[in-house]
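Below you'll find the structures, each written out as structure tokens.
Both complexes shown next keep chain A, but they swap its partner, so chain B is in the first and chain C is in the second.
And then the complex of A and B:
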């Protein structure tokens, strides 16, 4: 009997195609792995490029100088002058000390290039030191002063000597001086604490992040104070008390759509309503916080509703059964149980608000502000806006600052997200 | 007493949830108001169909081009170009990583990779802008030099790719949700007929999840259209009518930022133009969202 059985034929056919099908399956899997690896690679490239560029900014190069502070070097008539701190030229003793190290710099041009080795912030530092220790006046003492950003970049190795013997903006003579200073041990790299103490500056070596951090903190405070209570109350209303009606439906749809409105549109709202109609101050954390609050509101409402939803009905029923009013059942029993979830959602919302830049540009928080804000109506800037501002600066040293500011921003975001995760893990109750 | 407190508390809570509506109405009203003032200065059709965008304000009355041109076409083309590049990057990457994570990956692998990918969603957009400007743009420029064609130092490509990376986790997690929502019965029926896992995914799960995936892609597109910082930092300001991804283009959001940062009087056509652009952006993203949410919801109901 050699008659073909149809089913056996199908079986061989299937068997023949199996290899091809399994290969297809294998390829399909590899595509997925490839896609994920590409995503991971992008994340890694982003983090490494920011870290590589930003870390040098946490180091600062200082110059150790022996400084004489008599009347002549300060350019005043007498040291007893009450107006000394307003009239004296504090940059002068530093220049003299530097000239003492390199006595062969005689021509105007040479002296000017020599002066450019130190930062203009050196004079401020000397002034501060003398102001807090008046006994140093008239004496000779050692002081570490910040160098200019060009020297700093050369010492850190972010710029190399080119074929003409120049390094970045340093000319050949300046490079030679810097090398001598390194050899004699006058130059030192220290932790850049000034970066965390000052606000923005036109000089890259003096620019700090503290002003932006305070600005962001104040904005977030305003944002939290407004959006958290409103968001939680709205969520309680929608989840616990609102009866299904067209109005409730409308509100719900509205909240969902609001969550997807581009952030820049909130900035336009802030500009038109808060600044132009209400006349609130420009560039203030108050307005920034208000705009961010409107933006975070939907996020908080959605998170708070999810938290309320996870509390089982039996809790409500039990409270009602022992005579609690609906309000008491809700606020004494359901809300406390849902609180960790609500807080987690709010922290995540705040983290998003912290990274938000576009709406703050609209309300003028993008201005150059050299003072640390002291209140919510002071002009201020915010961390991400500072990143944007520095990224826009043509000076090379600001690129380093930009990456460093990004690192600070990312650290804050990490802390907030970790807090949210820990909070969730710690208080998570499974019913 | 109890009743009074109850009523007051209810009223308070209702006000809180009504604020969300006020905000929407506020956005719409304020934008509309300023837009009307803009259209008193610039004709509506010039705005909508004009082909040149050069919103300078005149220093002198008789200056050449003193009135400025407010044709929105180059901006819309630029926005679409960059969003398109972003979607070209994000769709395959997001789709395939979602397929792998939801279908192939072991639970342990999934639990580590998914949160790691989602870090990408938590990074502020200004960081992506920096990334695009300082890493991607020079990269594309160098690649162009090697390949022998000109790539502008600020290009739609750099901004689009950075944006694609940014929305990748959004596409991936939304798609993942859609695929997990496909009932087990469909999968098992397919396996029962002898299909391989890949065949089941391609011929059963993906078609079943398609409406949801389409919805998520729409949501992602709307995010890309409204994205500001990446394009401000990496796409440039040149309002050109071009679809060449290696040239500098400008977008609606970039122009809003440029028009409104810097000092100027509030009544000029230049400033008001930003609000006209804002309302266009608001309406487009709103429509995209409503459609996307409708699709996703309709699809969910089918399987519940």
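And then the complex of A and C:
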């Protein structure tokens, strides 16, 4: 081949095309930037809207009342009654204290509107306080009790006073009382610590996320304990020991297929196998974890296999050359090197499992559960289920609870994904 | 290795122990009754020595299916329903050994057609609702033709010349069933020719009365009623179909349309004047009373004035209570554990 010397003609041609090619490159970069900014914009819009709605839920409006707990106020004959905690009306002392602040409210209607300023949880709180400190019985003391969701919404400014002087479900008189209570310093907003201590409730001002967090944690624990060892061992066998054959091909196709099966199918499987056949309890994190384990298993196997594949053959060969058995080569050298990749894959799989509701519906975890679960066989819900249940509730105050629950869920997802990245960065080995 | 064995043994033990007994009432069923049932469950758990019952939201049909699957701690004790139990379901129950069922009426729920307060309130009749939303409507000669009404004024000249745009629940929802049966069929019956058909060809009658148009005038907005409420606030021209409790909670921004001249208000639904309302029920397995602790006490708590009375906490949640006499007789049924009679 003889080399051609480019003529002046081709040089101008190249120059022209060069400009074109550079433009194309510039355009493609802009497309890329546009795509990323659109994505970021969507994420930002989601975060801002959720934050804007959810932040008020972290504040709780409380009323500071001076409460007298004598026999008359509690509606019992004597304070020595053994059945006191079952028979007494604990809402009554709170109502009386409130009435003391507004002696003008005399008519039945006025008193009823006045009673509605405090939450029905106030009485339960008083009962708890008295039960743990029986010495307070018969005394007068100050107690902070939660207000009703309507008062809370007005104080937080989520509802405004309309032309008729009403604010949300508060009537004109109730708005006036609330204003007076704020002026006199009885009413204030505090950090809603109860939100992180209690489980679900039908009263928005009492509902908490802790039950769902524990439920999710227990389910994920069961999921991890089951799916991680099985998934990793399956991957090791397929990648390191199994001889390529029709059977392993078949298994591989099936694993990839399973990873794409809609999650509700796993729920149905869980219902048929774990509940009906094994007779395990409904609504339990144990069953939830098992179902989620089935769901994350393919993801873990695929990730673990990819991690094993990325370990260079030379490492195996070196181990075998110095006399290690294939098993030793695998478990002493290959698996430790692949571990960060396996863990990352597992964490991402678990993060997906954390956000699932569909499979949990079939096994009874989409339920109203007022107690925080204490073990894997106790009835429990999960974080996304709580979001779903609150989003469906008619009370307006649940809207902010929904957003707050989404925030909590996002924080947990962030933590899990961050862990995955840190693990990868820290233990990643470059060859 | 030992740790794992112990853990596994622990799991097995826990499973075995929980499967043999249950000290907590389990409730399944309708998502409409769910807020009321769970409110009673919560109060019951807090004020009695029993554990808080677990309430699942599975839908009326799904709940009855679970309920009728058998006797024993594996199966739920109570199911909620936003309609009455069907005879086919009673048969299914009997086949699985559930012979004694206690029926309890909870109260009523109104279904409203509401719009934003930014628009004027509508005065509708059930006939107009059916004409606006049915798939096929009779023309001037009484022959059924596909629904061509575009605006409310096309349906009736007394209504505003505004595009028909109604957001409602999908067919899987109990609210949709009730809306179709009470509002649509109620309006459809007003045509004598169609009413006469009920006796001749019931299937065709149902098809005519229950079919909702699919040309975009009726928009299925999903099971979540809060979504419809939000969309109504954003679009003052649209109407939404949902349960009364959602109107009650959003009464500052939404208004219910008058139906046959009656406004969807608490008192008017309670005394039966508002035409589109349905009864809510729950069903209890008698064989479980005394086996699972607290069922009888739970019934008593539900049937107390403090809960379902006109001043009770369920009314606060949007339940429309029954009239005094009716309430008394159902409370009595709860006390005596009276069997269901179809």
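Here, the second predicted complex is superposed on the first by the 393 of 431 C-alpha atoms of A that agree within 3 Å, B and C clash if a C-alpha of one lies under 4 Å from a C-alpha of the other, contacts with A are read in each partner's own complex, and residues count from 1 in each chain.
Operating definition for what follows: a contact is a pair of C-beta atoms (placed from the backbone, for glycine too) under 8 Å apart; a residue touches a chain by one contact, two chains touch by 3 or more.
Keep in mind it's a predicted model, so treat the numbers as computed, not measured.
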Looking at A:228 after the superposition, I want to know if it touches chain B, chain C, both of them or none. Which is it: first, second, both, neither?
neither
Looking at A:379, would you say it contacts chain B, chain C, both, or neither? Reply first, second, both or neither.
second
Look at A:201 in the shared chain and tell me whether it touches chain B only, chain C only, both, or neither; answer first, second, both or neither.
second
State whether A:166 touches chain B only (first), chain C only (second), both chains, or neither.
second
Going by the contact rule set out at the top, does A:366 touch chain B (first), chain C (second), both, or neither?
both
Can A:124 be said to touch chain B (first), chain C (second), both, or neither?
second
Looking at A:24 after the superposition, I want to know if it touches chain B, chain C, both of them or none. Which is it: first, second, both, neither?
first
Under the stated touch criterion, which partner chain does A:399 make contact with: chain B (first), chain C (second), both, or neither?
both
Going by the contact rule set out at the top, does A:177 touch chain B (first), chain C (second), both, or neither?
neither
Common ground on chain A, meaning residues reached by chain C in one complex and by chain B in the other:
364, 366, 391-392, 399
Chain B - residues contacting chain A, complex:
2, 5-6, 9-10, 12-14, 16-21, 23-24, 26-27, 30-31, 33-34, 92-97, 99-101, 104-105, 113, 116-117, 119-120, 122-131, 133-135, 165, 168-169, 172, 194, 196-199, 201-202, 219, 222-223, 225-229, 232-233, 253, 256-257, 260-261, 266, 274-275, 278, 281-282, 285-286, 289-290, 293
Under the touch definition given earlier, write down the residues of chain A that touch chain C in their complex.
86, 112, 120, 124, 159, 162, 166, 168-169, 201-203, 225, 275, 278-284, 286, 364, 366-371, 375-377, 379, 389, 391-396, 399
Which residues of chain A touch chain B in their complex?
14, 21-22, 24-25, 27-29, 31-36, 38-40, 42-43, 45-46, 49-50, 53, 229-231, 233-238, 241-242, 250-251, 254-258, 260-266, 268-269, 271-273, 276-277, 294, 297-298, 301, 325-327, 351-352, 354-358, 361-362, 364, 366, 384-385, 387-388, 391-392, 399, 402-403, 406, 409-410, 413, 417
Contacts from chain C onto chain A in the complex sit at residues 7, 11, 14-15, 18-19, 24, 26, 28, 31, 34-35, 37-39, 41-43, 45-49, 51-52, 54-58, 74, 223-226, 243, 245-246, 248-252, 311, 313, 317-318
